[in-house]
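Down below are the structures I want you to see.
Next come two complexes, and both contain subunit A; in the first it sits with subunit B, in the second with subunit C.
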Partner chain A sequence: MAIFALWVINKAGGLVYQRNFTDGLAPLSSNDALVLAGTLHGIHAITAKLSPTGSSSGCQVIESETFKLHILLTATGTKFVLLTSPAELQAQADSVLRRVYEAYADGVMKNPFQTPEMPIRSEGFDARVGAIVKPA
Partner chain B sequence: MTVYSLYIFDRHCTCVYYQDWHRSKRPRPASSGGILPGVSNAISGLSDAQNAGQRSSITPGGGVVVAVGNGELDWPDTTTSMSALPFDEEVKLVYGIILSLKQMVKKMAVKDDTLVNYRTSTYKLHLYETMTGYKFVILSDPNAESLRFALRQLYTGPFLDYVVRNPLIAMDSKEQGIDNEHFRAATDRFIRGLSMYN
Partner chain C sequence: MAYNNVHPRLSVFSTGSQSSLDYIPSAGTPPPGSAGRQSVTPIPKAGPSKGIYDRPLNKTRNTEVSAAAYAFLFSEMIQYTQKRVHGIGDLEKRLSLLGYRIGTRTLELMIWRNEGNSKNPKRETRLLPVLYVVHTQLWKAIFGKTADAIEKSVENDDEYMIIDNDPPITKYISIPKEMSQLSCSALTAGIVEALLDGLGFPARVTAHSVPKEGFPLRTTILIKLDRSVMEREEALK
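Right after this comes the complex of A and B.
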């Protein structure tokens, strides 16, 4: 069980935060990461439209053979994406994402020097995210 | 737990087969020319009479009933609410998602890797791709376990038996879906026999 990386995608599909924790995924150039975040944003919207019954949320978990993406969509449209090993438990990943959202609300949204929807450069947020991910 | 629908795509990105089970939101009929004839009786742009003339299975004239009646399996129940999407649009979206997610996974993984499934609050999409480029896609209940093994069995069982080994089916034709009553019936039996189907 390992957490590979964390992404924060703003409501327009732009990647505003990206941090790698453990090796296990191919290294991405920042341009590639931006493109992938945009793709994920689009796919997320389409998956919600394909529901065979009733209205659906967008994709919450995407699984491949070697890793998993857990996606938390907040009410404001910001997406928190956690990239983990396939063995990572659902509940554990969800709790990490919840706590990262909390840290985001405290460390980023309440920061008067943060421009909304722009890349996050905050040492406080970095430190809190580090503390949330490390023991997991 | 249940199974909603099954799509089979060939290596030319076209949908060659469709069947559904417990969908409460049915696709609207495709505009004519939007999908290949014979993909599914329910959503084809052609009328049923036109379809019947092009069947690639020899149905026995009486005696044993192997074919499954159209009305029983495939015609949409008009009382259920219709999905806003026409079928040809829906198929394109399904293929588009699979293609983009596969590319994304390929870019992110260290070694060779592919999409296995994704889950939303109301459904889970499973993918199995064969060496020949056929993609088997199933939509199931979100709590279902991985259905990859089931898709593989569907491929090695009914698909090989009734489609690949059937000289009357033009594989890769780009003109005709898999329109075979034996395959339809075998697929239906197989899906209904899954432990998570009820």
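Right after this comes the complex of A and C.
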């Protein structure tokens, strides 16, 4: 039960926020992280079209032997991605992602010094995310 | 340059008011817009000229504004201002000017609400009660709480500080490192300056962020009073 990292991907597929919490994943160079985020954005777009029965919100969880990747897609196309240990419960990860979304609305969208769709540099957001993840 | 940007806006406003003036000669038939609005929300006895200035002032006394809506508005105000200035000092001055316009109105409304119905309406004429009005009444009127402290400067006799540990208006704002001297509470400083000016205590008011452990957003509103105020205060003693 551990949260490894949090990514925020903007609606164009660019990685705008990346933060690691605990070791457990192989460290990524920032370039690799960007490529990975872009790839995930593409995969997500494909999975959204795969559903045989009408529209779909796209994939929400990707599981592997060593980690689990939870995705929250917002109405505006921003994606919040949480990397956790495989044992992490879906409901728990979802609640963390929802609270991160709230922190994003407060600390990023209401901050006049943040340009939309650009990398997030906001102390307020950092502090809020830290407070959400730490107790878990 | 900046003023060139402002003028087209103003001309838009003036043509707008002109077109509404055009309706006056044909007063018998109300403008189409207001007739449409009446049919949507029937207000009893509301004539076509019923506007924001005709509503009872005390009705909104205890109503609250959505903090999120406010935060987005203030954020836009800062972004708008930032596009039209060079440097942080200029930005603070503009924000303070915006605050000044709020302050003059707040003072009028606050006095009207507090003293309007009292049998012996009074006006503060001494410095300390006026500072207390700022600390308590003004803060309550615009932020819904009192400020956390009033302090007198140790170095200068004519300087006072009003301290707010967690100002609601800058709650969501993270100042980037390269602008660390900026304090968006310049708006509040402008409001305070207008209030003091209106009460006859001319002063120069500035805002400074003074973080403290546990209160990262702690802000000091520094009031530097005009010499005339200090001289009068001395004479009244």
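To be clear about the criterion, the second predicted complex is superposed on the first by the 136 of 136 C-alpha atoms of A that agree within 3 Å, B and C clash if a C-alpha of one lies under 4 Å from a C-alpha of the other, contacts with A are read in each partner's own complex, and residues count from 1 in each chain.
Definition applied: a residue touches a chain if its C-beta (ideal position, glycine included) is under 8 Å from a C-beta of that chain, and two chains touch if they have at least 3 such contacts.
Just so you know, these numbers come straight off a predicted model, no measurement behind them.
Per the definitions stated earlier, placing subunit B and subunit C onto a shared subunit A by superposition produces no clash, and the two fit side by side.
In the superposed model, A:77 makes contact with neither subunit B nor subunit C. Annotation: apex subunit A, arms to subunit B and subunit C, angle 150° (C-alpha centres, rounded to a multiple of 10). One of subunit B and subunit C touches more residues of subunit A, and that partner is B. Touch criterion met: A:107 reaches subunit C, while subunit B stays clear of it.
When the two complexes are overlaid on their common chain A, residue A:130 makes contact with neither subunit B nor subunit C.
Within the superposed three-chain model, A:116 lies out of touch with both subunit B and subunit C [touch as defined at top]. Closest CA pair between subunit B and subunit C after superposition: 31 Å apart.
The residues of subunit A shared by its contacts with subunit B and with subunit C come to none at all.
Those residues of subunit A that touch subunit B in the shared complex are 24-26, 28, 32, 36, 39-40, 42-43, 46-67, 83. For subunit B in complex with subunit A, the residues that touch the partner chain are 4-5, 20, 22-25, 83, 85, 90, 93-94, 96-97, 100-101, 103-105, 107-111, 113-123, 125, 139, 146.
Those residues of subunit C that touch subunit A in the shared complex are 68, 71-72, 74-79, 82, 172-176, 179, 184, 216.
On the subunit A side of its complex with subunit C, the touching residues are 106-107, 109-114, 121-125, 127.
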